[in-house]
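Just below is one structure, and these are the notes that go with it.
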Amino acid sequence: MATRALFLNCTLRKSPSRSQTQPLIDKAIELFRLRGVESEVIRVIDHHIEQAYWEDWESDAKAGDDDWPDILARIMSADIVIIATPITGGMCSSAAHVILEKLSLLDELVEDRGQFAFYGRVAGVIVTGAEDGAHHVASRILFLMSRLGFTIPPNCETYWLGPAGTGPGYIQSHGERHFHTNKVLRYMVENCTFFARLLERNPIPTDLVRCAEEARAESDSEVTFKVNVHTPSLRYRRVQTFGPKGAAAPASDARDPEPVG
Amino acid sequence: MATRALFLNCTLRKSPSRSQTQPLIDKAIELFRLRGVESEVIRVIDHHIEQAYWEDWESDAKAGDDDWPDILARIMSADIVIIATPITGGMCSSAAHVILEKLSLLDELVEDRGQFAFYGRVAGVIVTGAEDGAHHVASRILFLMSRLGFTIPPNCETYWLGPAGTGPGYIQSHGERHFHTNKVLRYMVENCTFFARLLERNPIPTDLVRCAEEARAESDSEVTFKVNVHTPSLRYRRVQTFGPKGAAAPASDARDPEPVG
Amino acid sequence: MATRALFLNCTLRKSPSRSQTQPLIDKAIELFRLRGVESEVIRVIDHHIEQAYWEDWESDAKAGDDDWPDILARIMSADIVIIATPITGGMCSSAAHVILEKLSLLDELVEDRGQFAFYGRVAGVIVTGAEDGAHHVASRILFLMSRLGFTIPPNCETYWLGPAGTGPGYIQSHGERHFHTNKVLRYMVENCTFFARLLERNPIPTDLVRCAEEARAESDSEVTFKVNVHTPSLRYRRVQTFGPKGAAAPASDARDPEPVG
Amino acid sequence: MATRALFLNCTLRKSPSRSQTQPLIDKAIELFRLRGVESEVIRVIDHHIEQAYWEDWESDAKAGDDDWPDILARIMSADIVIIATPITGGMCSSAAHVILEKLSLLDELVEDRGQFAFYGRVAGVIVTGAEDGAHHVASRILFLMSRLGFTIPPNCETYWLGPAGTGPGYIQSHGERHFHTNKVLRYMVENCTFFARLLERNPIPTDLVRCAEEARAESDSEVTFKVNVHTPSLRYRRVQTFGPKGAAAPASDARDPEPVG
């Protein structure tokens, strides 16, 4: 079966409006195609996703008009999942956030595998933004996906950014001719492809249920913390000169008897 | 007494090497001067700062060649403190990190004021980087300073960035002609000046010692958490189709009886 | 007119379900009341907010069932705006993200004031989560609000967290008896109250339009970056030993002639 | 040859002081040993690492007392590299930051491999902190290492945290009995071991030099951005009511003709 990549385009613009992020996705799709990887794109904003915990999601009444089950099924049938998001307010888009939140609620182990549902899948990120925030957005997305079971290959973030300040986006700025973006796009495509196929032939064997059982044997089921309800005061002689406008802070001999880091 | 601004230039280059961040600091100094604010710059990397907790710092043996007490005294005599840092690896420089860490260890209340040592002071940030990360760096620095008692005026971050990918810095890229940077620089200078003078005439009255005492009256000095040592399993019917390559995850009726958010 | 605080409760649970964040908001409201501050709470998830750029928002067709204009009007009539959010997946909730994104799109100057719409208002944050992420969530929210014109007083973040790992929330864990949370809650309430009243009597005078005009006079309307389209290679003798399993990386004399930070 | 793990203990306490992070590292070492992985620990703060760009590092004068070359050699001879850091001020320690910064300066391709120096190695993170910040610290460290060529297996972050507020650390709080920490520690050890051996038998084949060449063929060597030097003004009718205390913002028909996300 062909390796499959799923792109979640998290633009805020509904179809058929132009998305700045889509042309970069299209480049990735073509590069994947040359390596025998089939791609699919979901434009998230075109769908209704209920922002809710699992309990609500389960209720039949709501499930009727919630596209999340279908989107999740398509995520689960992909080998490579790439979140593609514009930057708004220095963050990923709210459409991306909704996806990440829904994924993060799937933090339970699949019983007969002893693994999170996304084990064996590979994650990547595409970010487009006028100016700043690609590393921040990518680091949060990839870390969250890593915690959910995705493998993060090296150099699996692709981004385009203009210089400081709001300005024209990827399309108007001819982002398709931007060297750094075109370069890291290839890094991402090649590494995601390699890892997806590697993991298909070599499934991760870790049994998280057994790990948890071993951990339980050496852990407590209740944990108590002493709270320091005293207000600490500046206690070092050398700070005497640091009061506001000449006021001296009192010295003290109090000390931490234990290491703090 | 004139309002005073202190810039901590956190370049990794020692004097007299050229710092990319310094020309932007120089612009800020001139704008402050026009508003009657006196400025001082400390080039952090030229100094030896012991990376250590307070206990070690107190020891006379170490204090001999540690410039931190002098730097801290200059921070305490300033009304406006501006951390100016290049971006390395998507983060602030390690020189900036050392400063922030030393500041964060000053998280105790000055006894006769009932406030953190930095109350009444105003914070700002200058970031220069080839490509990305200014918002991330600024948000972490300003939040940490806010927690230590600094006031954060609106629009008190100034930054210069080129487009995606490593490239020439502020100096070679003529950052001094970059509109967004020149604009937000003025926002920062004007707002920091206004707030520094406002707080000098109107000291923050909050008595944190009294706050802590009130809190103590309604709090416990020990806190116990039940730990869920059972491994959760995917328990929703709708996930049946989400196993790897056709495997079905078992359904279950288990439920969270309580809200989680 | 009384000082007014607005809480945006960003729980994912719709009314009348119990929100873990609400009891902490209720504590804040009572503390504000004692200081003469009137409070209002909006439960965001009970409302429909269109995730869209302004252009779409303007269209009459959509505006019909979009609660954002009303929510924004209530934000604008508040002196203190507090985003209260649970942590999901290490992030703020998607409900909070939607609010922040909508706010971030208001990044234009109000013409006859020469300021962003939120100048003169004060921001605070409340975070509840099972385990980790309060500082991250608070730093991103406060920085975004700072860029939009809000003033960030010292110690204006209140949070409750349990120890590492998912577990019972604020309500079941008796978060209302947690010393740190009760302490910083008071810091936040007192500082937000002080700053809101201070700024009402002393409006921020900064004219951002004039700042931009001054910046324009010394800036270019077009900016060109040279792109290094050559692939750098490891060029330092000392790395010779660092190849994989004994392979030597070649030495080179290439050097950066210019400072990079 | 045995698989090798290197732990960089980034405590701020020099030997022989007790490090809170070390007992958790010791647990990891024992678990690795049971799987045939040999471990080594470097206590970073015991060493002198020059905070400098490569150019300075190359100078013979400085290299004399700089331990970085030796530490880097040991990193390069490891299959698994785990950054272990306490949290100070919500961040990793400055010792960890120095390591990350030095690593990030190694962002050049090894010529005869066409890959970054760290390709083929696996990264993990251990974080100990009194209260908050493990996800933030882990996400930044892992993302930076991913960009440098490390592979990030699923669930490769181990952390211990107490509840909100400063308090006793891992040792005094009996962190060694904390279920979540003991559980994710095993996830990390098993996944790092699996991936290190998998990549040894299946080296990543991606040729980054060729990727860059392909990218160059479709990219420009100079990029020009138009800068919007006009100050945007709030232009939507619906915002009329949002001025301060009743002032109306003027309407306008200006529109963005192009998508922004």
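So that you can tell them apart, the chains are marked A, B, C and D in the order they are listed, and the count of residues begins at 1 in each.
In this text, a residue touches a chain if its C-beta (ideal position, glycine included) is under 8 Å from a C-beta of that chain, and two chains touch if they have at least 3 such contacts.
Treat the numbers as computed from the prediction; the structure is a model and nothing was measured.
J.: Taking CA centroids for every chain, report which one is farthest away from chain D.
T.: For chain D, the chain whose C-alpha mean is farthest off is C.
J.: State the pair with the higher C-beta contact count; candidates are B-C and A-C.
T.: B-C
J.: Round to the nearest whole Å and give the separation of the Cα centres of chain B and chain C.
T.: Each chain reduced to its C-alpha mean, chain B and chain C end up 15 Å apart.
J.: Counting in whole Å, what is the centre-to-centre distance of chain A and chain C, each centre being its mean C-alpha position?
T.: Here chain A and chain C have centroids separated by 19 Å.
J.: Mind pulling the chain C residues that touch 2 or more other chains?
T.: 12-13, 53, 88, 90, 93, 107, 119, 135, 139-140, 143, 147, 162-163, 165-166, 178-180, 183, 208, 212, 216, 219-221, 223, 225-229, 260-261
J.: Could you please specify the touching residues of chain C with respect to chain D in the complex?
T.: Its residues touching chain D are 53-55, 57-58, 63, 69, 72-73, 76, 90, 106-113, 117, 119-120, 131-136, 139, 159-166, 178-181, 183, 203, 208-209, 212-213, 216, 219-227, 229, 231-239, 241-244, 247, 249-250, 255-256, 260-261.
J.: Which of the residues in chain B come into contact with chain C in the complex?
T.: Touch residues, chain B against chain C: 11-13, 17-21, 86-88, 93, 116, 118-119, 128, 130, 135, 138-140, 142-143, 146-157, 162-163, 165-169, 171-174, 176-179, 182-183, 185-187, 190-191, 194-195, 198, 202, 204-206, 208, 211-212, 214-216, 218-221, 223, 225-228, 258-261.
J.: What residues of chain D sit close enough to touch chain B in their complex?
T.: Counting only chain D, the residues touching chain B are 12-14, 45, 51-53, 56, 88-91, 93-95, 97-98, 100-101, 103-105, 107, 140, 143-144, 147, 163, 166, 178-180, 223, 225, 227, 229.
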